[in-house]
Each structure stands twice: as structure tokens, then as C-alpha cells.
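Okay, so chain A shows up in both of these, paired with chain B first and chain C after.
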Partner chain A sequence: MNNGSARIAGAIVTYGFVGLMAFLSIFPFVWMLLGATNSSIDIIKGKMLPGSALATNISTFFTQVNAPLVFWNSAKIAILATALTLAVSSLAGYGFEMFRSRRRDRIYSALLLTMMIPFAALMIPLFIMMGKVGLINTHLAVVLPSIGSAFVVFYFRQCTKAFPSELRDAAKVDGLKEWQIFLYIYVPVMRSTYAAAFIIVFMTAWNNYLWPLIVLQSNETKTITLVISSLASAYYPDYGVVMVGTILATLPTLAVFFFMQRQFVQGMLGSVK
Partner chain B sequence: MALAHRGGIGRYYNINGWLFVAPALGLIALFMIYPILWSLWMSFQSGRGMMLKFAGFANIVRLWNDPVFIKALTNTMTYFVVQVPIMILLALILASLLNNPRLVGRGFFRTAIFLPCVTSLVAYSVLFKGMFALDGIVNSTLEAVGIIASPIPWLTHPFWAKVLVIIAITWRWTGYNMIFYLAAMQNIDKSIYEVARIDGVPAWARFTHITIPLLKPVILFTTVISTIGTIQLFDEVYNLTEGKGGPSNATLTLSLYIYNLTFRFMPNFGYAATVSYVIVVLVALLASLQFFAARERDR
Partner chain C sequence: MDMRTYLPRFAAIALAGASLLAVTSAQAKEITVWCWDPNFNVAIMKEAGARYTKSHPDVTFNIVDFAKADVEQKLQTGLSSGTADALPDIVLIEDYGAQKYLQSFPGAFAPLSGTVDYSGFAPYKVELMTLNGQVYGMPFDSGVTGLYYRKDYLEQAGFKPEDMQDLTWDRFIEIGQQVEAKTGKKMMGLDPTDAGLVRIIMQSAGQWYFDKEGNTNITGNAALKAALETVGKIMSANIYKPAAGWSDWVGTFTSGDVATVITGVWITGTVKAQPDQSGKWGVAPIPALSIDGATHASNLGGSSWYVLESSAEKAEAIEFLNAVYAKDVDFYQTILQDRGAVGSLLAARGGAAYGEADAFFGGEKVWQNFSDWLAKVPSVNYGIFTNEADTAVTAQLPALSQGTPVDEVLKAIDAEVSAQVQ
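On to the complex of A and B.
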């Protein structure tokens, strides 16, 4: 085989492989969209053409599920958890980086180890704790344990390294207090860091499953993720309705991804670069 | 730093330092450190519900005589041993192919392969459960192409159910790992590849002798992250198998077993806490093993 045909063969293999992987990655999304337009039987039989059941599926979804309430629950939890996590973590990241001391550096190293703690080892004590203070079946019980996150603190500390210290020195000369420097200078300067962290924390909170499954026991408090899960685990799940649910649950994160792709990837990468 | 030790200003500096980090430290102490110590204490206790009494090592002895635990442990290890290497290798290959600036449409390919990362674990598990149904789209396609003669019982056969879980996790996380490698490849000097190419080093050798050694820190990082994630596997298995880990516990994971012990069967917090510490030990052990292995190879 001469050099030219070897190169062509290489290109065919490359494009074939990458193309196949891209196809397999996208296929479930296409299947989900088509599924929403078909009846449950057609979906399970693997029909890959648009059907006429979209209106039926949507109306069944809205009669089976109190959609506005479920979405409100998900949004409330995700927004509250994200706002508090960002506030607490950026304060800590700023504090660890700007006010270095040997003791705090040591605590910081220990803090990073908590990233390895598996949630399964926390859920029983957390459940008992929430029971004792009467927070079972409240959204507060979902939000509270998620605020303190070593990963997000780590992310903010790494990004704070790029914060120009001249800005801080100048503000000090102007007589600003430490909290004023943080609030009026650090926060606006670091907005792209906040944007990336927002996306990643919001997505985690929106998609959170195991802990809400444990603490949210009544239908009035359930989130969209819990609702899809219970729709799909019925003995004979109505897949058309399930598809409508998964589309609605995926839409917010999908929208964020397409409109803020750069920050999205930056947030995913954390501070590995 | 010198300022920190000079009287009044130093104290002001120090107090501010503590004030900034205090909320995060307090929350992590209350919702992570305290519970993790409590469940360690609990693992030495036994009893029903909240009526626990000290039992010494009884729970640990019980682990070894519990076939369901052994099954959950074996399954979890199988997922980890099979899935993580496949996914990391696949992500590395994809990243090095997509890093080639001459590849037409690589922006599209990147976005497409990354797309699974935006789905929730529950949503994609539900989709996979439908796609891999006995007469579902996957089986009918494989039959039409002629790869299989009769439908594969993805959800009801112990072996194929495990394969399905592995396929599902690989679908969800390969693109995630790929972007870490793509980001790291931006920092590799392109001329290294040019020189190697001119010297006639074949593509595969360039991949194993240049790309992989230079990416080692990132590969290590993603391997640790994936290990921690796989050992804690819950959402996917719960939603693919209606919360049972079936067929006949073939897909049961440690996390799902803990959930069942605590919230499905007659609650036994002490024993469940012991199982949860198996995960703690596994994660710590495997993560340090990977760091150690990477450091040894450096020498």
C-alpha cells in the first residue's frame, strides 16, 4: 500500500470512528425527542419516525403530574443551593488565598480530603439529624448539606490566584474594609469564575437524586428528577409521558449548555488547567 | 506574610482570615465531618431502627457471612475494574483524534460527544431502560444489521444487565473525561508531534510515547474522579432496575445495598453504616494506590 492510500484509509478510520461516537452520543437525545411524539407501544417497539401522540403525551403528563409545583420545587432547591454555595465557597476560597497562614493552609489540605467522602457514608447520620430537627420532607433538608463543598472552595481558591493583588492594595489605600474589598472589587472582577461555578453547582443541585429521594417523601415536595424516576418505574410505564418528563427535566441544563458553552466547560474543568 | 506576625496588624489579618473561611468550615464540619465520624461510631453498634447498642466487631463479622454484601461488593468492583479503563482509553483516543486541527468538523464532534454530560443521571438511565427493552430500538437495530440472531435480554439476564450498566456509564462520562484531556493537550507543544512525525514515528507510537506520558497528571486526576464515582454508583442502577439491583442482585451496588438496608428493609443503621465504611475504605485505598502507582512510574 503506498503512502497516499494509507492516508486515505487512515482518514476513513478516523472519521468513521469519531462519527460513530458522535452518532451514539446524540442518538438517545433524538430518541427522546421522537419518543415524546409517539405512543408508549411504538416507543418500545423502536419506531424512529415522528408520531402524532405529542399532544396526548403532554396532556397526560400534565394530568398525572402537578408540573408547575414540581418545577417550582426543583427550581427553588437548585437556586437556593447554588446561591448559598457560591457565597460561602467564594468567601472561603478568597480567605484561604488572601490570608495565608500555616494553620489555615493545613486545614485547607484536610478540607480537600473531604472530597473523597462518599455520600453513602453520610446519609444515615444526616437522615437522623434532619429527623431530630424536624426537617424531613422539607426543601431545607435538601439544601443545607449541599452548601459546604470542598470542591467549590478549591475551585474559587485556584481562580483567586489570578486575582490581581494590586487591586486589593489600591483599595486598602483608599480605606476600604476587607468585606468591602470582597464585595465591591473581588465579586465583580471574578464574575466569569462565578458564572462557571454557577453552572456546575446549579446542574448538580437540579439533577441531585439520592438525598432528595430519602428526605422528600410527600408528593407536594418532590422534584422533577424524583417524578421522572417514579413515572419510569411504574409496572407498565407510559414511555411517551416519561419522554415528555425527561425533555422538560433536561431542557434547563441543555439551554445553559448551549448559551454558555465556554463557562460550562470551564466549570467542568474546575481548576485543573 | 511578614505582616502577619507583627502585633495589631497581624491579628487583624488573622481574624479576617478566619472570618472569611468560617462559614464553609462550619458547614463542612456539621454536614460532613460530624456525620462521617458518627457513622464510624454507628458501625460498631447493632439493633433495629434507633435502638442501637454496642456490638463491637459483630457487624464486620456479619459482612463476611452476608452473600448479598459479597455480591454487591463484587458487582461494584466489576464495574470499576471493567468500566474505568475502557472509558479512560476511549476518552484519550477521542481527545487525541479531535485535537488534530486538520480534522474537519471537530467542533461539532466535540460538542456531540460532550452532550451526554448535560443529562441528569436519572434522565439518561430512564432513556437507556427504554432503548434497551427486549423489543426496543437497540435489539431491533442489532437484529436488522445481523449482529445478533435473537434479542439480548439486557434487563433480565445477570450478565447483560451488568453490560448495560457499563455501557450506560460509559455513554454518560466519556465526553466529560475527554474535555479534560483536550484542555491538557492545548498545553503540549505541537512541534513535538511534528518532529516525531518527520522522524517516522507512527501515530499509535506518538499516542503511547508522547501523549500519554505528557498527560499523566490529568489521566491520574480523571482516574481518581472516575473511581470515586463508580464505587458510589447508585442513580443508574436504581433507575435501570426499579430500585432492586436485579435481576437477582446481579447489578446491586454497595450504595444501593446501603439504601435498601436503611430505607427499604427493616432499618439496621449499624450494619448499613458498616457497609458504608467499606466504600470509604475502598475509595481511600484505590485513590492512594493510583497516586502511588503514578509516582512510582515517574522514577
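On to the complex of A and C.
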């Protein structure tokens, strides 16, 4: 009896806590969805019910924002950055784990240390570099600094530790060159790692704000995050329109996440061959 | 598969990618402008540009809109890095931050004195962009303040529009108590995390957190002391409806919960956005303090245009600003009508839009009144650290509301600001 009521009390505390956390993480999302259907005035008043302004908000968003252009800009940056980051950083992670040398761990530590430097400290030197090579206001300038990501290298090296070295030995016996082992053995086996890294890198690139803000200079090169920031900082922001923009900006990351999640699980199952 | 067949293909793809990414550089006579707010500054600058292009068909405008904080961040990075081609030709800077940029980056902005006739502008706008005798900007929108009041609520409490003119703050609080007793409405909305009201009251008596030389002016600042006392009295008389943040504060009067609004003229559009309140509002000068130098005119916010010294189109940019913003009275009528923007050019009041009686305000000529007050706003030096001082004041507002003596509050603000300034 005593034991039972303690268990019930425990369950109440647990579920209460979990429920509260779920509410805290879901509420902003629900509020965003509701906000998109209300007029700015209703949102300010704190209306919590679906409204009738969705069509107006959507049409205002598409008249104020050159949506195809900004989404194309964001997509171009995110896809290029993801492809290049995965290519470069997975090679580096593979290399760090597979090849032994005396300086390997010192170089690796130095690489990890670069994660400690806040981006704000790198911003101005990076900006001067981009200015010198004439890349300011290009999407290349947004993509380039992100592709040698210390975090992704670290992630790939850690995952490579689980890569069965027998596979590499067997491939060598069969006469494969190192790049062939990487491309035909390592990449397919490490699909799950690539899927997880893809999600992380794509989301970071899509949501990237500070550096694109600094280096992009014109309406033609701007990304969706910059456009939403501009809409939201008006003296009288139209919050309904901001919510529509936020929802649209969230969709690609959501899609990538749900799509890659399946790949992720398949990769996990397939990795033990 | 041979690696050699891959390499040229990779190179070709990489090259194609790079050329896709590159953006064509600006044409000869294109003036690039950075500013914020698509419905206000951006729209107004587009109107100005269109007017100039009509008489100068070879000049086009590229108005780039970023958030305000983003413009500041980009300007800061561009100036710090010394990468001149990364900067626009014209940039919008908030008045409170003007001296910070002018003093931190000497030589970065083009002086316009000599070209622009500054005697035509509200003096306080010119003063804030003056450094070492040179004037650097083109004065733009003003935040000249007014006391917006609900005629219907005040009438219920026994006050006529005449009773609302040229009040003192003490009288304002008395009226507030009677309004609440008779109508149940609070006198005003007040956001305890926003020092805007303190700034309004302080500037109305001709002082600021900094003196004319830029030294901190807090413990010996009679206007700041009186402003804090006034806010303290409003709080202890409990004639305000507390608001959490800007949107909530706007909600206090759009919902009809309060009888007055004291803020910059740019709020007019929001007040008028409630058609059911048409005819119920009046506008009077803000109350004055009872100290030396007190006036009924003040300012909240506002920003101005600056030309970058490094701009390739510097001469054209200055010529453009001078032709439209310093001379075109008709332009000011258009931006007042379309965007509710009150500029700082005093001659604008002579135009048709400024002369119109506004039915929303019961037929008052509100723009003429604002224009009168605009010329009377006391000039102060916003200095380099206005935002820091503001944060310090905001941090002390809770102590003030709990009845901490004003002198102690001032000392705490002074300590905070001195620590930040050094």
C-alpha cells in the first residue's frame, strides 16, 4: 500500500516533469502555427485560438519577400555546405583514425582546440580574408569557412573507431587503393554516420545567421534567416507574416530530419554486415 | 575508372559552381543604401530614390534591408576590417548611436556641412550629428513627443481638452488619480523594463546622461533626478497599467485600457489603427518638470542618414540626400501621408499634408502642433554610451518602484555607467 502510493507519487512527479518539458518545447511551435493564422494585432493581444488571417498573411509574405530567390539562396548554401563538409571532414576523420604518425594526436588536439574559439573572434579576420580575395557578397564566402568543421572531423573520427579494420585489410588484400577503400567500402558502411552528420550540418548551414549576415550585402544574395530577421525588426512588425516566414523556413529542416531519420535507422541496421 | 578522367570534370564543375555563386558587381552610378524596416525606412528611401532618378535618370538605387541590429553589426565589421568595398554608400544610423560611430571611426563618414543648409532642420537633430564643428549626417525621422489622450475618458472625469494643455507632471498625476476614481481606467501604460519615459522627461529639461563634453552626467543631473522622481511618483500613485514588453505596452492603449500615451510621434499610426476609437483622441504637449530649463518638448528615438567617406559615389550620394531630404517639401508630405513619417525639415510644415485637420483627432491640426514642438526639442549630447546608461537605468527601475530614495538610485546608476565607460 505504502509502496504503491509512493510509486504513484513518483509517477506523478515523473509525468508532471516530462509533461512540463514537452509543453515548453512544443508550445513555441504551436504558437507559431496559431500565429500564422492570426492578424498581428490579435497576436499582440495574446490570442491563442486559430484565426482567419492565414490567407492574408501568406499573400503579404509573398508580396513582401522574393520567396523563390531567398529560398534558392538558402538551399544552395545549405546543400553545397553539407556536401563539401561531409566530403572534406569525413576524409579527415578517416585519415586521423587510419593513419598512425607521431604528430597525429598533437595535430588532432590543435584541431579540437579551434572549436574553443568563438566565431565572433574569427569574424573580422575572416571578413578581411574574404575581402582580399574578392568573395564578399558571394555565397561561396558563406560556404567556404564551414567545410573544414572540427566538430564533424571529431565526429567522424570517433565513429571510425567502430569501423572494422578487417574490412580494410581484406580490401587491401584484394588490391584496392586507399581512395577506393574509402569510396567503396568506408562510405557505404558508414551510411548511418553520414546520415547523422548530414542532419547536423544541414541544419547548421540552413539556420546559419551571423556569418551570412556579415558577408552578404545585397537583397539578391540574402538567405531566409536574414529576411525573417529583417521582417521581425520593423518598428511595427507584422507578426502574422513573420510566423508564415518562420514556418516556411522550418519546413526544409523538418523534411530533412524526417527523411534522414529513416536513413539513419536503416544505416544503423546495415552497418553490421 | 581512372582518376585522370575525373579530375578535369571536377575542376569544370567547381569552376561552374564558382561562377554561379559570384554576383555581378554594381554598375557605375548605383547608390547602395543600408537601412531597416521594409515598411518604413526602406519604403521611404525607395520613394526618395524614385524622385531623384526622375531628374537624374543615370542614377539608380539599391536599397538593402536588414534588421536594425544587423545593419549595426555589418557596419561595425565593415568599418573595423577596413574593407571599404564592403560598405554601402549611405547607411541609416539610430540617433542614440550616432556619436559612437562618429567618434569610434574618425574619417569614416563624409561631413556634409558646407553642402547642406542645416538651419532648416530641427536644431536638436543637427546637434546630435555634430562632432568637432563638422556636421556629418542628413537628419531624417523625428521622435518628437506628444501626450495622446482619450477625450472621452477625460471628459467623464471632468476634464476638457483645455485642461490637458501645458501640464506639469504633478498635475498629470493628479488628473490620473481622478480619471481612475471616476472611470476605473488607468492613466497610462508603463513597461518597467523600458527607460523610454525617463529619457523623454530628462531630455525635455535639456539634459542627458552625458554633458556637452561627453562626460558622465548622472549624480549631478537635476533633470534625470526629477525624471526618476516623476516615474517613482507615477508608480507609487499607481495610476499606470503595467506592461510586459513593447507589444503588451502597445496593447494597453489599442485595447482602450488607458487614458493617455506619452511617446514619440511615430506612434500616431498605431493609435489610428483602431478605427472604432476615431474622434476620441486628442494630442497635447507633454507635461513639463518644475525645474530650470524644463520644456514641454522632447524626443524619443529617430534616426538619420550618413554617407560613407569611402563611397565610390560619395558626391552623388550627398547631392541626392541634399536634393530630396533638405529641399523637397513635397517629399515630406508624401512620406507623412503614406508612412506616417515626421521628418526633421522644419519647412515641411508648409505643405498640404501637414496643414490637414485630422478627423481621427476630432479635427485637430496635429501635424502643425508636432511641427511646433519639433523646433523646440532641447538639444543634448547623446554621447557614446547612451545604450549602456539606459541599461543601467532600467536595472534600477525595480528599486525605484520599491521606494528606494532617488539619490541612492542615481548613485547606483552612476556606478554602473562609470564601470562600463572605462
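FYI, the second predicted complex is superposed on the first by the 243 of 273 C-alpha atoms of A that agree within 3 Å, B and C clash if a C-alpha of one lies under 4 Å from a C-alpha of the other, contacts with A are read in each partner's own complex, and residues count from 1 in each chain.
What we mean here is this: a contact is a pair of C-beta atoms (placed from the backbone, for glycine too) under 8 Å apart; a residue touches a chain by one contact, two chains touch by 3 or more.
In this text the structure is predicted, and so the values were computed from the model without any measurement.
**Student:** Both complexes share chain A, so when I overlay them there, do chain B and chain C fit or clash?
**Tutor:** Overlaying the two structures gives a clash between chain B and chain C.
**Student:** Between chain B and chain C, whom does A:T37 touch in the aligned arrangement: first, second, both, or neither?
**Tutor:** It touches nothing on chain B or chain C.
**Student:** Which partner does A:L111 contact after superposing on A: first (chain B), second (chain C), both, neither?
**Tutor:** first
**Student:** Can A:T193 be said to touch chain B (first), chain C (second), both, or neither?
**Tutor:** Neither chain B nor chain C is touched by A:T193.
**Student:** After the superposition on A, what does A:N57 contact: first (chain B), second (chain C), both or neither?
**Tutor:** neither
**Student:** Go through the superposed model and pick first if A:T221 touches only chain B, second if only chain C, both, or neither.
**Tutor:** In the superposed model, A:T221 contacts chain C only, not chain B.
**Student:** Is A:A121 in contact with chain B, with chain C, with both, or with neither (first, second, both, neither)?
**Tutor:** The first partner, chain B, only.
**Student:** Between chain B and chain C, point out the one touching more chain A residues.
**Tutor:** It is B that touches the greater number of chain A residues.
**Student:** Have a look at where A:K45 lands relative to chain B and chain C in the superposition and call it first, second, both or neither.
**Tutor:** both
**Student:** Touch test for A:G10: chain B only (first), chain C only (second), both, or neither?
**Tutor:** first
**Student:** Between chain B and chain C, whom does A:S74 touch in the aligned arrangement: first, second, both, or neither?
**Tutor:** Neither partner.
**Student:** What is the shared patch of chain A, the residues that chain B and chain C both contact?
**Tutor:** Residues 44-45, 123-124, 127-128, 210, 214, 229, 232-233 of chain A touch both chain B and chain C.
**Student:** Under the definition above, what is the set of chain A residues touching chain C in their complex?
**Tutor:** 41, 44-45, 64, 76, 80, 123-124, 127-128, 131, 136-140, 143, 179, 210, 213-214, 217-221, 226, 229-236
**Student:** Within the complex, which stretch of chain B touches chain A?
**Tutor:** Those in contact with chain A are residues 1, 4, 13-14, 16-21, 23-28, 30-36, 38-39, 42, 50, 90, 93-94, 97-98, 103, 108-109, 111-124, 126-131, 133, 135-141, 171, 174-176, 179-180, 183-184, 187, 203, 218, 221, 228, 231-232, 234-235, 238-239, 242-243, 254-255, 258-259, 262-263, 269, 272-273, 276-277, 279-280, 283-284, 287.
**Student:** How about chain C: which of its residues touch chain A in the complex?
**Tutor:** 3, 17-18, 21-23, 32, 36-40, 62-70, 73-74, 77-78, 80-83, 85-86, 88, 247-248, 250-251, 254-255, 266, 269-270, 273
**Student:** In their complex, what parts of chain A are in touch with chain B?
**Tutor:** 10, 14, 17-19, 21-26, 28-29, 31-32, 35, 43-46, 48, 87-89, 91-92, 94-96, 98-101, 104, 107, 111, 114, 116-129, 144-145, 147-150, 153, 178, 182, 203, 206-207, 209-210, 214, 225, 228-229, 232-233, 239, 242, 246, 249-250, 253-254, 256-257, 261, 265, 268-269, 272-273
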